[in-house]
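Chain nomenclature is as follows: A, B and C, assigned in order of appearance, with residue numbering initiated at 1 for each chain independently.
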Amino acid sequence: MSVSLLLQSVLSGLTNGFVYGLVGLGLAAIFRGTRIINAMQGDFALLGGITAALLLERLGWPMALAFACAVAVGGIAGWLMELLLIRPLRRRGGSEDSYLLLTLGVAFAVSAFVLYAVGRDSHSLPGLGGEGIVVIGDASIRTHAVWLIAISLATMAGLRLFFAKTALGLSMLAAALDAEGALTTGINVPLMRTLTFALGGLVGGLAGILVGPLVTVYFDMGLLLTLKGFAAAILGGLANPMGAIAGGVTLGLLESLAIVTVSSGYKDVIAMVILIVIMIVMPNGLLGRRLRKGG
Amino acid sequence: MTTAQTTKPLLQVAKISHSFGGLHVLRGVDFGVSAGSITGLIGPNGAGKSTLFNIISGFLTPQHGSVQFDGRDITRDPVQTRARAGLVRTFQTPKVFAKLSVRENLMLGCYRHLSSGVGGNMLRSRRSRLEIEQMQAQAAETGERFGLGDVMERPAGQVPAGRQRIVELARGCVTAPRLLMLDEPSSGLNTTEIEQLRELLRQLNSEGITIVLVSHDMRLVDVASRVHVLCFGSIIASGAMEQIKRDERVREAYLGI
Amino acid sequence: MSPVRHAIVWGLAFALWAALPFAATRHVVDLLVFAGLYTIAGLGVAFLLGQCGIVSLAQSVFYGIGAYCAAWFCVQKGLPSPVGMAAGIVLSTSIAALVGWPILRLSGYFLALATLALGIIGQVLFLEWDGITGGTLGIGGIPRIAPFGFAFDTPLRFYFLVWPIALLLLALHHNLLHSRNGLALRAMRDSPEAAAVLGVDIHRLKVQMFVLSAALGSLAGGLFAHYVTFVSVDSFAIDRSISFLLLAVLGGVYTVWGPALGALFITILPQWLSRLGDIHAFVFAAALIAAVILLPEGFGGAIRNWWRARAAK
């Protein structure tokens, strides 16, 4: 294998990896805040991506506005989902598998709705930096990919600051770690949960507009993204949202490596096998922090 | 009720040490339980009783040391293997099968003695049908004995907590255990109920069931022939109840905390 | 209910079941055949969820294996249909045992997502290994099931093949539920620690149930292949697993006949909705969400509870 092929492979692995990491970040943040694994995290990306596509294609909105709106739609979807679906289930005493079935149901619903409303075609999104490329040695990546990596890192740093320094972030963290204690200090714990989902939705929507220009947006992209994001989250340690980025990059690089050594058709199979192996062998992530098995 | 020095103990715990994260919870715990006895395990909170219990019953693998049951090393055996060998325990908060009726809870006590496979079950083989009859009969008999006749058909989760404890105990007895380990069986019970429990334990013991009891309730532990006092992870005193009550170190351990 | 009344009710039900395909159009009977196939595959998913608390999205893989084995052994090798179906079941159960052993140690979310990952692996492999499966072009010319020259080649005839099998399997499931192991399975859900303490080997039982579930999926797939005589990868993608899960949840996983109810629902409903376009997938998903929140025991459970409440008065 030539160096340039390897380099190209690393670059594309990094790019995909940061997308997985972003999805994983949202997943882990929601898990930490509510102990629910959101099986429709990838569909937040779908919602964000398709919103951007429609606003750009059909309404001709300027790119910045469309993208901002798309991310907002993700956030609103998360907010609504918690308020209208998760809370009622909570009230009726949902068990772990019922939350899973619920989020799975929403995943299918979003996918089916997009299918019905927009059809099976894939929609492409314009990249940040247009069609520009950045050349590194013998390999190249799109300028958009560089933006993607930068934005992902900025999001991670931003969220870290948010949870560590802002009043709202600290309240959300408090509500996540000790709901009863937080209640006694006057924190509106149910609201914190809703906001957690909204945050997950925002991050998911962001992932959507970032990945859209690279792989196009289509109605059943959600499930695979969710699974890969989940793998990223586990690798990083489910209770540690920031670790998901590192986990995602690891997964992306492994996937790329697999593509050049095996075959591109098996890309997803390999990612899925990696996911299963991770769950069995290191459910606490690369750093091996103590966590209840099975989340 | 002295133990014969020549017979091997039914349960032998040897040099058990365990720590969680740098905290040493158990340090070199050694003791034996002879068949047919009632043994008490007492100690202040945080002494390591639950950890020791979990290690003996199989919910935790010790970092050092071994557990022998009936001559076999069971230190690494999974919980159900120990159960099949006759080592059965109850839990501090009673774990009944909430959605199953009390009757079905008791029926499950027979599980380890029966052997029908899933295939036979589906085809309603003769063995399957006989097993169900056996389970029903045992459940009915034990239910009567423990005074559960009036709640047999109720989902076990809807029975008041004190009686749930009885259900759990009754279910444990249906298994016809060789060694029955009881984890704080008296918490939540009033004086009369504790007295009834004492009587029950004596009865079970007289039927040949070896009992190990973890409790902080002295009235209950009184029924034990031998008591070990656990403090900060090691056994500081062993002997008959009277001896223990007079032991200086024990008084210090309890009063000093 | 007195035994005589009991017998009359069952007799009427049987007569209704037997007469139905003659009174209905060929198209409806075709749907009923699919309902039967889905009942079998869905039963596998239903008891995993209801008795073991396991959400499985891998059933499409075993369904596909059953179908492709039937196709391969009969079309490529010219062997009679029981061979193909048996081979499918052997292959499916072996894979289920091999893969199930490690992954069934996982619990809750992890396990469910592992089965989803399996479903996707299956979907891709069916596509990639087109030497065996024919890929998107599929395999055609699958012969009918024809013991002693009597071919099950019309929807009407197949109805009388698939439904007795489905009903038999439901009866076997019922027997299992009311047996020692069935009790243990239900106990395992409520308190795994207490079950272990009574000697129940939880992991082993879960693997056995997973293997059984795979066998059902495979059987349904084999029958499917011999019914439609042409199979291609589109039938064995993740959305097939989703359909099975959906019918299990909607029909109710705590009643024996829940899967049949759910299967009927998901085969009949798209017909009703076909006028509105490709909307049935969304309606199904909405129904799943509604069932999870409002009717956790599914239609079957709701009906049973209503019946019991009536009887109690």
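The rule is short, and it goes like this: contacts are C-beta pairs under 8 Å (C-beta built on N, C-alpha and C of every residue); 3 or more make two chains touch, one makes a residue touch a chain.
Since this is a predicted model, take the numbers as computed values, not measurements.
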How is the touch graph of the chains shaped: line, ring, star, complete or other?
line
Where the centre of all protein Cα atoms falls, which chain's Cα centre is nearest to that point?
C
Please tell me the distance, in whole Å, between the geometric centres of chain A and chain B computed from their C-alpha atoms.
47
Distance from the mean Cα position of chain C to that of chain A, given in whole angstrom
32
Chain B to chain C, mean C-alpha position gap in Å, rounds to 42
Multi-partner residues of chain B (at least 2 other chains):
none
Please name which positions on chain A make contact with chain C in the complex.
37, 39, 85, 88-89, 92, 94-98, 100-102, 104-106, 108-109, 111-113, 115-116, 223-224, 227, 230, 265-266, 268-269, 272-273, 275-276, 279-280, 283, 293-295
Residue positions on chain C within touch of chain A in the complex are 49, 53, 55, 102-103, 105-114, 116-118, 120-121, 124-125, 127-128, 238, 242, 245, 249, 277-279, 281-282, 284-286, 288-289, 292-293, 296
Chain B residues touching chain C - in the complex, by the definition given at the top:
57-59, 78-80, 83-84, 88-89, 91, 95-100, 104-105, 107-112, 114, 116-118, 121-124, 128, 131-132, 135, 157, 168, 171-172, 175
The residues of chain C that touch chain B in their complex are 172-173, 175-176, 178-184, 186-187, 189-191, 193-202, 205, 208-209, 212
